[in-house]
């Protein structure tokens, strides 16, 4: 299915990531966005509010984030593509409903423009510390998909991809961007509608009497029906069987809950998207995502000039995590260098998948700014020099840390 | 010709003992009304004859949310919309503390609406100062639950489509014992209201109508702070004891001010013992 | 804060896990409970309410879990030890204020009685599906402490321990119990007050005008004062300096947030508590926590009697994770078996820390009942025969 | 079947609306067979979010009749109720006000009147019709579960009104696990006997107190433009002819119609 020309602002734009994402939402055929103002994601909501009437779409600013996401799940069951937009604190408020959405297998997209945390933190500055939260933030067992774009262009492209994934796998899809990319202004090329491929909703088209809302197809994913179309739906947030009825029997976990995780875990290979260069014969591989991968490039080039065999693995899809990829690379490479704007989240995943075959060097950053590329370069050199296997993560001491904690540094306002 | 010798006096700010001078200058824009509300509050603190050590101030998020940071009391800058809930904890844990919640309309009425009505219902003994500037200013001018119809805001680029909420009516119907409304022009009356409310037992609400020259007045072509003050001067009317259901505020409509509710109800902590 | 032995109900009682938890809280000197009723955590609040008057404790039922935790944070700053109790859905709503608690470094205890999730799940069935959420559930970077009791007696002990840890490290501490332990009735022995160690709050002593709410001691933990003592302090959820004043730049972010992580990571060894049995000669070790360790220990005995050298590592503290210990053991044993009532959470940590030196078997537990050992036994047997180290986690049904 | 469900069914029938178009988001569990008999779409949402879930349903497809049936109306959901009333969302909110909240073991919830609560609570109840009215609801009524005919009529009336209506039904103690069908009959009889019907009474006088009789009846019945009315009016005023009003879609079963009134934009091949 192609995009609707009315929704696509074809042409070359010079816009920031938030706006690009707003255009992406429209192009993806999303007809319902509920949001609540929160720096630094508000521009996306504002953009969509501006363009919504073009596509006869609805933007509503709800009273809080809890309301926004619940409305989004409701809209998704009414048969429209829907999404919400937020940042750290709002994201935390949404956790209850995110698990609910996963339980109902309702397709929707959530854009999180990450900022400095925890709590109110540094609202106007960047961060990448919600990565683990996106995977584990709600109670109970569930799986989601998380994508991490690194440029305005990608924010446009992957907003559309996010909707496609959501429709395909019927699960919440998170776009885990960050303030830097969100407020970075670059050239964004929006192709004509016929070049934009959209995933149609998997609608059931049999006799209503025989419809089972949670009866999976061969790929573990059930078909949907629209509310109010005479299907007499029974949709429950409790553990439910194929009819949607609550179940309390011995099979409830292994049969009904299991599928919520399996539908992602078993379709992993189809979902995961990575960008690699020179990884096959690399002695050190930089694993990065989002804005950090933009910053890493400079460190990588510098290292390459110095003759270090360095590979670059960029996680476009962060969740589900590419276990197999890392496991295999760990066997051929000496070490992984993981720069991220937090004190170790994805680095733990990398360590987990290394199985002690390669060292893992974490280049941390507390947020409110991006890495100093030299830190990444130094970390690479350090990793390349290291002869022996080191147990656990090696935390690289950044220049910023030295500056703030060593010697008598005075904070400036 | 001999020059006059004058002794150099130490400069002292009149509010020094209630404001955090080391935090001044504040973040608010020129023409913003929040500073005036703070001045009135500071004056009230001095006149109210209460032990300032026993007063705690809690703010949420937003422009007004920054107030806690400038007042020299035990002050808490908490999460968005949860100031009242946080304050409830303080009050219940230590009833000797006088708790003041100083925050904005979006923070208290939109995301914090539930805590607002519930604290009113429970009649938790606290003073809630709600600075109403009709807009989300900190995040850059989004529509608020108080934004009048057809007003332009960034998240409703074609004009607001939601009827604004009537804060005194909401407070009244959920059980507040003291409800008043003033504008930042009527500093003296506002100050007196604060003093009254500070000495009142139970859930008291004072709504402060305040200009936001940056995101409300400018965007809607209402001029700057001074013009808003002129507007307040010409278009306000004092009606004490007015039925709260007549207190809606439309776009540039007449603003009815005064003390609307002043009643007695046992507060939560009183019922508890 | 002053020691207050009023709450200690000395003697041996027959209590459910939930009731024991409430008794633990009262014994630890907790004097404020703020909660929103939710299955299956009700008995905690019921017990607390019924004892409140005689102990002189306060409680409030808030309008939702968001405000419940917010109120706890506020109360804690008045000098009252405070806690809240909830279950999965409530915990999800508390996530924002967990972050605020971390940022304001406010001592408080959150009791989570886990039931099956996600969404509404099954409120009356045990689960361990919130373990990762306790560690990662709030936005931004932080470290937290989480304990997992496996019996009513431990519910009592760990609740006290939780209060002590939260006062010691000034961080919210989560007691991650589950529906099974919560409703399990067993004998609980409550010792006299003078035998219960209570960690005092780290108060600031010094001139009032010199107090800096976030000036850190050597061990990176700042000192507290109470509201209403005239310190006129300011604290904020924004990135702040020692004075608690917001500063929005990279340096301050590093200065503020890095210690939040370090104050726990640097002292992992002091915090973690694990209970080991028969690990010396073990070739397979069962790593378990909470209710599952009841079955785990049984399974160990059964396996030993059938000649397999099996040991047990019971995690009392799940967060911070005992990385070092697991890494050491990984070098000695063939494999770890990790039974959990979820689809694999802590097992990922075990995989991470075993660094490819031992196989990691995941046992999906609880299907046949919490005390049932079949799945664990079959996993242990399988593990004992497996002589080569495989890539990744081996799931066995 | 329980009193309320019967009344609900009658109400829908009286209103002349196809049950298939009625969506019920609720935080109270309905039995599957009840839903089947009613022929509605039912969503068991998380606590307190039924109204906002319904808002999403309604805005995404204006042809739907959304009826949130809420138990947690004033606790977690209080704020959503306030703002939905303010916006005048086209929802019929049925608040099953079950005083003693058996579901959670007899603790007080905001609408619990002190006398009825098992635990002595230090809290006065909300006056739901008054709060709804003050926030802008266009239709408020209160009945006990035994006023089945009145409930049915109210539901029929409200379903044909445009805007947010709220009907408070005093139905003590639905049990969480047996759901809405299990009502404490003695208590409801007690309410019924101690209630007096006062239609068009000023909502601020209908608070439930231990001393006086419970006032039931229809209190508010007014007209106000709905959220969508204002939205379309405002945008067509500003944008002009280029603006296509945000309108209802036919609930087509096969036509995927991802999108509101924009069937061509949706996946026909869905």
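Chains here go by letter, A, B, C and D, matching the order in which they are written, and residues are numbered from 1 within each.
The definition used in the following text is that a contact is a pair of C-beta atoms (placed from the backbone, for glycine too) under 8 Å apart; a residue touches a chain by one contact, two chains touch by 3 or more.
Source: prediction; values computed, not measured.
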Steps in the shortest chain-to-chain touch route ending at chain C and beginning at chain A: 1
Chain labels contacting chain C and also chain D: A, B
Winner on C-beta contact pairs when B-D is weighed against A-D: A-D
Farthest chain (mean CA position) relative to chain D: C
Geometric centre distance via CA averages, chain D-chain B, whole Å: 33
Rounded Å distance, chain A centre to chain D centre (Cα mean): 36
For chain B paired with chain C, centre-to-centre distance based on mean C-alpha positions, whole Å: 40
Multi-partner residues of chain B (each touching 2 or more other chains): 77, 79, 110-111, 113-114, 118, 145, 158, 268, 272
Touching two or more other chains - residue numbers and ranges from chain D: 44, 46, 76, 78-79, 82-83, 110, 235, 239
Contacts with 2+ other chains: residues of chain A: 53, 63-64, 66, 89, 96, 100, 119-120, 236-238
Of all residues in chain C, those that touch chain A in their complex: 66, 88-89, 91-93, 95-96, 98-100, 102-104, 114, 116-122, 124-125, 127, 129-130, 132-133, 135-142, 236-239, 241, 247-258, 260-261, 323, 327, 342-343, 345, 348-349, 351-357, 364, 366-368, 389, 391-392, 397
Complex contacts: residues of chain C adjacent to chain B: 31-32, 34, 58, 60, 62-64, 66-67, 70-80, 82, 96-97, 100, 227-238, 243, 245-246
Residue ranges of chain A touching chain B (in the complex, touch as defined): 35-39, 42, 45-46, 49-50, 53, 59, 61, 63-65, 89, 119-120
Of all residues in chain B, those that touch chain D in their complex: 110-114, 117-118, 121-123, 145, 149-150, 158-166, 169-170, 172-175, 244-245, 265, 268, 271-272
Of all residues in chain C, those that touch chain D in their complex: 36-39, 42, 45-46, 49, 61, 63-64, 89, 119-120, 123-124
